[in-house]
Structures are given as structure tokens and as C-alpha cells.
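All chains are identified by letter, namely A, B, C and D, in their written order; residue positions are counted from 1 within each chain.
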Amino acid sequence: MSLKMGMVGGGAGSFIGSVHRMAARLDGNIEVVAGCFSSKPEKSISLAKEYGVPRAYSSYQEMFEAESKLPEGERIDFVSVVTPTGGHYEVIMEALKYGFNIVSDKPLCITIDQAKEIYDKVKETGVEFCLTHNYTGYPCVKDAKNLIESGAIGKVIRVTVEYPQGWLMGLPEADRKSAWRFDPTKGVSFTMADIGCHAANLAEYITGMRIKDVCADLQSIIAAPLDDDGTVLLKFDSGVKGVLWASSVLSGELNGLNIRVYCEKGFIAWRQEEPNKMFVKYLDKPDEIFRPGDGSLGEFAQGFVRLPAGHPEGFIEAFGNIYDEFAKTLEAKKKGEVYKGDYPTVEDGYHLVRFINKVLESNSKQAWVSVD
Amino acid sequence: MSLKMGMVGGGAGSFIGSVHRMAARLDGNIEVVAGCFSSKPEKSISLAKEYGVPRAYSSYQEMFEAESKLPEGERIDFVSVVTPTGGHYEVIMEALKYGFNIVSDKPLCITIDQAKEIYDKVKETGVEFCLTHNYTGYPCVKDAKNLIESGAIGKVIRVTVEYPQGWLMGLPEADRKSAWRFDPTKGVSFTMADIGCHAANLAEYITGMRIKDVCADLQSIIAAPLDDDGTVLLKFDSGVKGVLWASSVLSGELNGLNIRVYCEKGFIAWRQEEPNKMFVKYLDKPDEIFRPGDGSLGEFAQGFVRLPAGHPEGFIEAFGNIYDEFAKTLEAKKKGEVYKGDYPTVEDGYHLVRFINKVLESNSKQAWVSVD
Amino acid sequence: MSLKMGMVGGGAGSFIGSVHRMAARLDGNIEVVAGCFSSKPEKSISLAKEYGVPRAYSSYQEMFEAESKLPEGERIDFVSVVTPTGGHYEVIMEALKYGFNIVSDKPLCITIDQAKEIYDKVKETGVEFCLTHNYTGYPCVKDAKNLIESGAIGKVIRVTVEYPQGWLMGLPEADRKSAWRFDPTKGVSFTMADIGCHAANLAEYITGMRIKDVCADLQSIIAAPLDDDGTVLLKFDSGVKGVLWASSVLSGELNGLNIRVYCEKGFIAWRQEEPNKMFVKYLDKPDEIFRPGDGSLGEFAQGFVRLPAGHPEGFIEAFGNIYDEFAKTLEAKKKGEVYKGDYPTVEDGYHLVRFINKVLESNSKQAWVSVD
Amino acid sequence: MSLKMGMVGGGAGSFIGSVHRMAARLDGNIEVVAGCFSSKPEKSISLAKEYGVPRAYSSYQEMFEAESKLPEGERIDFVSVVTPTGGHYEVIMEALKYGFNIVSDKPLCITIDQAKEIYDKVKETGVEFCLTHNYTGYPCVKDAKNLIESGAIGKVIRVTVEYPQGWLMGLPEADRKSAWRFDPTKGVSFTMADIGCHAANLAEYITGMRIKDVCADLQSIIAAPLDDDGTVLLKFDSGVKGVLWASSVLSGELNGLNIRVYCEKGFIAWRQEEPNKMFVKYLDKPDEIFRPGDGSLGEFAQGFVRLPAGHPEGFIEAFGNIYDEFAKTLEAKKKGEVYKGDYPTVEDGYHLVRFINKVLESNSKQAWVSVD
């Protein structure tokens, strides 16, 4: 059984649109059959052709309308929303009117009010909703979560999560000025919204805890008036403390998301740039390195590995795991079965929009602020 | 424009068949439209359905015959041969009768005579022929080649190439007994044919030199009477010396292909398990690490990168680069243009079959033997 | 010319006392000739014998008195203070009465008032004073400082410095109860005083900036009522922001002091556990790794290396560099020359005692606090 | 109790002489009391002063003669021989006449005949003899040996040992011409004698096996007519195969001695440049990293560690372990007790001189040659 996907956004120049298509197609169970890649009809058609997508639309409203009239089995099973963040709210709300299942890029939207509205509507309609915090798709991240859950290394006592990038320093000024990400009328935050939320999600996913309070110190080196670098002291709902920092202006950093989760008996360290290794260090025995395929990952995490040990999988494959779990959930639902896919949900999205906004509030007040 | 591919082999349980399909499909310019996945018609049909392949055949002869009668634009543009090595010769020779372009898994075939026959026929027919020594598809490997060619680190003075694996130690004995790779009636070598030839190809690709003489010492710890571990002293046509070793029985090793090419002014080190880093160490200045996307790779190598810096690509993506180069070559040819894709050829395949056989001969004689 | 040293503290079970002796003796220009290792005369004598130290005393007062009466060339040139921190103030003030030069372990003392008194007295007497923030003795740390100073990678824009340890989790409870470090009557802080000040000093040494404001969040998992883990948001006098965190309770961490200094054009990363590598990553060219002895370190830093490239030097050697610089300063002074040794001073000590105390104040207030 | 050492060689410009002195003095149980650092009396005296050595001699004959007449407790307990290799035979044979215990730098001497003579004389006199193959002094190397011995990872099935250096490429030609190492009248080999023998010794120490047959392919890029690079196929007395290679001309390599010992259940990897980590990788569970001080090393190996976990020890400390074991052996003997120190012996030295000479013979014959 193959699922049918319609994409909104992801046109020319969109890195993330191309990633969503490769990820969706990787395992042969999702076909990209429709797309609105541009508001100009001829442009949307030519991009659709270039991307190998049969049905092109020039507005998402048109796409939802037309697709909803197609017979089941032909019409799209879900919408993939990869527009700039500022557009998510409207596209998602419109898709929900038609009852389409949804995959949305992160963050969910801009304001807490928008997020609450989306959350309520998703709950009301009962559609499946997946937010592509793709870093939770890596097998080693899943194994880290399981290792914590197992209790084998004790309770969490501290968390350090970092997301340094440096690309903004290399971006020509002209590009910066024209980009939606840096337009303060289209978003409240640059770096915390772009990558800080990934770091928060990663920490919450692995530990099973929620960030409850934040004390932030942000700065803006290039993206003024928006933040492009900042540190956040964290308190989780469990009482555990930690620190999260993210930056887009650190020349030399690439895509350096990494986390260390410290527990009573040892700690877990994982780095996105070398994703096929999970380090576990203990108080009183040799460090361990877990890797896909060599018998070290638990059964659940190993289930997300496509290749034998030592054959590196990367970003696209991890992203594909998010899509594949969403696909399995939809497929089960179509068959009247239940499969609870392992992917971020609208609850996560709502929470993380609050996180972003409260970090900004804390920074303004130079004080601790509660997230929820 | 999209190319059409037909696959021979790669049925249930074939890791490499699945990799070939993912790699071929990754960039959206190759469709897998036909396949002979089993000699049982119903099995071939059900596998084709599982793999999302429209036309199923139960013999390669039938496939070539039927496809050749389809109109251009509908029939397959090339055949992908992923049967056990022992079957390559017959499938390839049959495909050549119909003038199909060919992608073949490595090694090309078993005996030197077979290899010569294939080589001669490919030259005679003028079809495009690609051998999937996929490790040359990694951007960092391509950059290593370019760095050597540039002369920036001087002439090559020594080569060390290793390919340690350990999976054979973990294979249940029953599986070992039933596997074609271990059947001495179906091949002259296990490890040298399986991975030693990859190591030789990698060294030759990066250095631009050919292995001329070999002095080998092989052993068989599990796969008797075939080799499963061995070291080969190398002399290249340039006079440069080196050492190649490969093993399938080294518990703890995963897919540890790695190379160090020593030149007058410094050396290059690359490891397949961490493919997105190329180390260059110099006599008298800081070591350097080259990575895709951060401005360190040359233009040619960077052209094989799909994602921004720090977003890891892996085995499937490198394999996809081989297919993509082959596709671009065929597409150009169809348009009457010339594009010389960067992928291993039938010359490489012929040479490496000689390499494998001469290594075995050297081991028997316990003496140096000439490859050509 | 050989200098003569007298040690106060560093008796049985003192790790740091033994390190000070090995470090002082490493380069053959310092003799340990006197020591007060215990308040029990016979114990002090037997320890002195074990340590190969000719003159044993049972009180520091007695030692200073007796040594001061010996002729120059025979009496000690300087005192090395390695008692528990709570004892530093009294020993140092007494040594200053006799005009002895001083090496003191860190931190300088407990309270800001004590630190000011010591600082004023050192300035008044004009003795040489060295504080063993030994991590600045590593050649790669010195090269990092020089690289920043050179301006070659632009101005500093952010600092992350971490000092995770885990040994406290492995300490038997009985030992914890009896140890001076955990006695709240003998100090205001555990972890910030023990290692947090090392992290602060390292950041200040490399960047040439001073920490001006702090916002701290500490916790106590084991060492209550003292801190054993905490994070500090930093603002430097230059306006640059950063984060420092330190912990003694992170099972699996050993002696993980590390720093990343982010500058406009790239960043420097250094880890104490692999001290012979300094990573420099740039916006748009290959990463670099600097190492002692291979031509990559600058002349100043290379001057602190004893062995050829690839022959690892470690903790004792770096500690020895602090002593050796102090010795060169004293030797020059004795000859009427001036040599400004590269080692932490009483100014550093005074500032860092303020840092420790202000971090605690910030934590109590849950607010930003000024250090000076 | 402190032992007294006399040094022969190790004068101005001798890196290894200075290392021997630092190593001998590190643990406070050996005093360097005599030395012949030059054949010119005034030079020997001034160097002795610089090195802090009380008694200077201008010939080793004079030193042995004079020292032998001193009362016990004053005269030297052992001689440390750090002359160029060509001088070892004569110095050692002379020292043996007086019954001095001996520490000698490696290799033992030049020819197999000399080695046999030394070996026989040492056995006859019963003195203690230590050969400074210092790399066996690292705690992680000792733990590797113990791990193999324990049988926990099964029998050895393959060995790869490498010793790449590059310094020769950076040596000015004038220095090369004047250096004893490159003088073919003073030795039969350059690289195999200088470092190849270290690699052989390391492999034999860890595995407990002896190299029985060799098949070598050497080359000379700079040091002609002596070898400066080469690969040796190995057969051990147990039947296990392996490969050893060493080079002095690999620009960019520093002191890259490293070994991988493959066993039935996993393998051990160790690199001299990062000596405080021992990797153990298994067939079917997480990799492990063993480090001094964190509870991962066995009791024996941990006994050679001076500092807490995470405080790096290096080359001098490992070298010091060799001296310390020799000292403990002598001290026990003086007390009429027996302590069997863990250091290379005259048997090792004799065997390794045969190894070096037989590697050269194999290279000349281009054939397998037996070592013993």
C-alpha cells in the first residue's frame, strides 16, 4: 500500500522542500502526487515536473478543494506543509477544514494563540499530525531515549544541549535582507525559532521531561532586531536543571546539534554531525559506544536502521524515519488498526511555540519565566 | 527526463539489491520499471509489487527479449545486474546481445577469461558500462583524488589501504554453508573478491595509479577453502609501494574500509565509516579536515553533495552518486551530447578480476606475481 | 642555578601535594629542600624522608622562622602552599611577613576580604606570587591565547567553557563527610571554588577579557549545603556573552575541562583530556588541528614543549610549565634582570575569589550580579 | 631507598638522553650521580653541571673503573647506556666486566653476533638488564596485554602494527649527512632499527607471541643506502599472521605507533599519540574505551598510573614506568627479595636484533625468511 502526499511550499531554492521529498520517497511507501510550489500556475507546473510530481496547483486552497473531490485511493492522504513558518498557521487551518492529515515543518507557527488554535482544531478533527523535528528520527537518538526509560543508568540529573551553527556569518548581506527568516514582521525570533526549538525538542524527547521554566540571555550579532545567539538556563518539570544554547553566527560551526544527558550512573552523549555513534560513559567501568547494526542498539532503535553495521546513514534517512512512522500510522488507520508512530505531535508543536515565546520574554525581563 | 531501469537479481534477502534501488531512485531521475527478482513467476511478481516495480519477469532472457520490443521511451534504458557474482558473466553477455547499457555490481565476474570476453564485447558494442565500486561515490573520496591530481601535496610515495570487516564471525554456520559466496565451485575467492577489490579500486581511483605486482599472504579462518583474511604487498605501475589488507573475520570491525595516501608534502586519510571528513596532515603546518559544504572541498567534489554542511550524507547517497553519474552519461548520449560520468568502468572491472586472481596465485606461490 | 622550595601542606593522601613536587622537580631547576607536611614532628619527618626532602618542620611558622635565618643560597627561595583552601590565608600572610616569594594552590582563599588583604600585602612587599591555575600551562592553551591576540580569527563573539567532573558520585559517603572541601564552615562553595574558578581563569586567560557580570543557577545533589553543580551566564568586560558550567557529580565525566572561543572568522576548541590538540574551525576553509612540535604552534607556545612532535606531554608537564616560569622569574630577579613569567598572579586570585562569591550571590538572588 | 645511576652518552643535543634523565628522576627513587657525557673532560663536566649530575667522567672506561672502587651505597647501582646504537656493544660489554646492572636504549646492538655475545654474558653474570622499549610502559598497553592473557576476547587471530613517522622529510640535508643513524658503516638499517623494532616489540609484548617468519618489502626514499620505509608480512610462533609497517619519511606523521590485535570475540586498538585510551570492539555489543583511573583498567595496569582519571600522563611518565620497574627489581634484589619488574629484557633485545637483520635479509631475497 502506498500513501499519497501533497506538498505546500518547497519551491525553487527551498532546501527543506527537497529534503521532505527525498525523505518521503526513500522507503517506497509514499508517492508525492500533488503540490503547490508557486502561486504562478506555469511556475508551479514546471517545478512539479522537475520534481516528478503529477498534479500541480497554484494555491493551497485550490489544491485542497480539488484533491478533496478526488476518489479515495487517488486523492492525497496527507498534506506536507513546508512554507515559511509565517504561512504555517493559515495553510494548516485550511487543511484541517478538509480533514487532511498533516505533516508540518517546525516550528508549528509564530504565536502562542495560533498554536493553541491549531492544537484545538487538530484534537477536534482527530486527524494525524506530525511535526518534523527530524533529529528524533536518528536511531541513536531513539536508543538514547530507550536507555533513559530503562532506568539502567539511573535518573536524569542534568542536561546540556547545544545547537551551534555558523552559516549566517557566511550569508551575503543581500540574501539576509531578503530572507523571510530575518523579517521581524514575520516572526518573533530567528535562532530560537529556527534551531533552538530543535534543541529543546531533542532534550525533551530523550529525557521524557518537559521544560518548565527558562532564564534566557540572547544577543543579536547580525540578525537584529531578531536573536541570532543565546543561552537558556532550563528547569524541567521533574526539577532537573540544564542549559540550552543555540547560535547561527558561530563561524566554523556547521550543524552542531548535540546533547549530553547526565544520569546518576553515567551519561549519554550524542552529536548530530556523527549521528551513528552514541557514547555512554559510566562512573566505574569502560565507556561504551553504541552503533546501528552491531548488536548494541536496542530492538526498537535498531528497527529504524536500513543498512548493515558500518554503512553510514545520515540526515535524509533520519528524516525518512519520521515520514515512515507517519506513513505506518496512516496505513494502520486506513486498515482500521492502530499503530502509534514515533514522531513529534501537535502537542510538541504547541509546547515549543510557548518555549520560543517565553525564552524571548525571559530575555526581555532578564528573569526566570514559566513556559506553560 | 527520466531513465528507465530493469533489475536482474536483488530479490528477497538481498541487501545489495535494495541498496541499488534506493540509490537509483534517490535523485528522481531513474525509475525502476522492470525486474527479474526470481525464477518463479509468482514470486517475481510479488517482489516487484513490494518494490514498486511495474513489470515483472521470471528470467533475464525473457526480460531482455520483451523489453527490447517495447518502443523507446517505454523500454528500459539500462540493466542493473545484482545477481551473485557467479551469474554476472551470463547476464551481462546476454544483455550485451540486445545492446542494453549496463550497471553491474562488483566484481565484474569470476575468471580472467570471462572478464576479457565481457571487456571486448562492451568495447565492440559501445554500450555504457558502470561497475558499482560505490565507495568512489563519496564526495571526500573525489576530493582526495583531485587533491592528489593537483600536485599540491606532492607525488605519492606510499599507500596503505585496509578493508576490515567482522560479520562473517557472527554469521550462523547454517547460513554460511548455504551462501553462494562461500561455495568454492562458484568463485575463486571470498574476501579478496568481496571487499579486497573495493580496497584496490579505492587506492587506484584516488592515486590514479594501477597495481602492477602483488605479494600476498592469505588465510582462511572460517570460509575454508576460500580466503577470509589476507595481506597484499603492492607495487604500483609508478613504482610506488604499498600494502592492502582485507578481512571478513575480524570480530568488532564493521565496514572499516580506509585509506592513507602518503605524498611528499603530507598525507590524506579517509575512513568510510566517517565518510564526511577527509584528513590532510602536512609536514610543517596544522592538520586540515575537509568536509562537504563548508567551503573546503573543491568544486568538483562539492558537486556531489546534496545537503548543506553538517547534514550527514551516507552510504546510500554515495551509491546514488554512482547511479546519478551513469544517468547523466546516458541522458547526454540520448541527446547526442557527451558527458563523461565519474564511475568505475569495464576496464576497471577487467583489471580488478585480474587483481583478485593474481593475489590468489601469489599466495599459492608465496612469491611476487605480476597483475597484468 | 637551582632554586630552593619549601612546601606547606601536601602530606599523606594529598594528590595535589605530590603533583606540585613532581612539577617543581621536572626540569631540574627547583629543589624541594624543606617542608611542613604534618603538625606532628615525627610524621612530618617521615613524610619528608619519603618525599626526599631534607629539612622537615612541624609548623609553617617554625619553617618560615628557621629558614629565614639560613644564609642565602641555602634557605628557601619560595614557599609552595598546598594546604586546604581554608588554610591559605593564614599561611600566605605569615610567609609574606618574612618576604618569601609564594606559589599557592587555587583558589587564593575563601572570602573577598581575605583576598583583598593578601593582594594588598603582596603589592606592598613586592614578592613574586604565583597561583597554580595549572591548565594555562598547556602549550595549546598558550597558543590559543596567542591566536586570539593576533587577531587572525577576528574578535571574540561568544565563549562556552565547561568543567564537568564525576568523582564525587564515586566517593564513599564516609570520605565525603570527613573531607574539608565539603565542610561549609571551611568554605562558601564546593564546585565553583574547586573547579569553576579554573574554568573562569581559562576563559579569561585565553580571551584576555575579564568576567564582569554573572547570572548563576547552582544545585546541590550530594554536597549539600554546598554547590556541586551549576551553570553561570557570563558577561565579559568587553560586552561579549558566554556560558560557564561546572559539576562534580556527573558520573562518567573525568576531568573534562574544555573551552570553545568563538570569534568572527572561526573558533578555537580545546579539551584538557586531549591537551595536545587545538582545533580551529573556520567559516570557509578546512578545519585545522594544531599540535606541539609539528610546526603548527607559534614560537611562544612551542617554547613550553619538551619533546618532539607526537610524544604526548600531559598534566604534570603543564603544571611543570607554571613552576618553570615562576622559577625563571625568580632566577632573573636574583640576577637583577627582569623576566615576566607566564603564570597566574595574585590579581587573578583576588578576581577569582570575587567571581566565586558573586556566583553564589547571584544564585541566591536568582538575578544578575556584578563581579567587581 | 634511592638508587644511583650513571649515564653513558646523552650529551648535548641528545633528545633521548634528556628523556632518560627525566624518566629516571620522575618518581624520586633514582638519582643520577655520574655520567660520561663527552670524551672531552671539560665538556663532560659542564654538561654534568647543566644536568645536575655530581660526578663527571670523560670515558665510560674511566667511569666504570672509578665507580667500581667506590663503597656500596655511594657507587652507581646501574649504568644507563644512551650512546648511538653502534656504541652499545662495547659499552655494555665493558659494564658487564664490572658487574654493573644495565639499562640500555634500543636496539640492543647492530649485529646478531654482538647480540648473542651480550646475551650470553648477561646470563653468565646474572646482572639485571633492561632495554628501554618504552612504549610498553603505558598503562593501557599493559592492560591490553592483560586483556589478551585473560582470554576474555578469545585467541589472537591477526595483528596489524604500524609505526609511521615523518620527521626525516623535514630534516635539513646537512643534518642527515652528519647523523650517525644514516651512516651505513655504523648500522645495517635505519627505520627498521630505529622504530620497526619498537613496533615488533609492542606486538610481541601485548600478544605474548614471538615473530617467527618475515617477508619484507623495504624502500629508501631519502636515507639510501639504508631503509627508511617498509612493510613486513609476519608469521608468529603461534601460527597467527599479521603485518608490520614502519616509515620515517611520511610527511605529516608524527610518532604514530599504533596496534590492532584481532581476537576471536573482538579486537583491541591502541595509538601512542592518544595513549590514555584503549579501544575494545566486540562482535555483538557496544565498543568499549578503557582509560586510566576510571575503574576500567585492571589492577595491574592501574598500578602504573600516577594521577586521577582524566589527568593525562604521557611519554615521560610511560618511560618512567620502565625505569621504576627496573628500580623496584634492583631494590628488591638489594634486600634479598625478588621482584620481577615488567620491562623488556636482554632476551627481547637479542630477538629483536635478529628480527631487524632478518627483515633486511628477506627484503634482499624478496622471500620469506625465518627470524630464529
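Rule of thumb we're sticking to: a residue touches a chain if its C-beta (ideal position, glycine included) is under 8 Å from a C-beta of that chain, and two chains touch if they have at least 3 such contacts.
Since the structure is predicted, the reported quantities are computational estimates derived from the model, not experimental observations.
J.: Could you name all chains that are in contact with chain A and with chain B at the same time?
T.: Touching chain A and chain B alike, sorted by label: C, D.
J.: If you average the Cα atoms per chain, which one ends up farthest from chain C?
T.: Result for max centroid distance from chain C is chain B.
J.: Roughly how many whole angstrom separate the Cα centroids of chain A and chain D?
T.: The computed centroid separation for chain A versus chain D comes out at 55 Å.
J.: Between chain B and chain D, what distance separates the C-alpha centroids? Give it in angstrom.
T.: 43
J.: Roughly how many whole angstrom separate the Cα centroids of chain C and chain D?
T.: 35
J.: At least two other chains touched by the same residue of chain A: list those residues.
T.: 170, 253, 280, 283-284, 287, 291, 294-295
J.: Tell me, which parts of chain A touch chain C in their complex?
T.: Residues 154, 157-158, 160, 162, 166, 169-170, 215, 217, 219, 221, 229, 231, 233, 241-243, 245, 247, 249-253, 262-267, 280-284, 287, 366-368 of chain A touch chain C in their complex.
J.: Chain B touches which residues of chain C in the complex?
T.: 280, 283-291, 294-296
J.: Quick one: in the complex, what on chain B touches chain A?
T.: For chain B paired with chain A, touching residues are 2, 15, 18-19, 21-22, 25-26, 28, 51-52, 165, 167, 170, 253-256, 272-276, 291, 293-295, 306-317.
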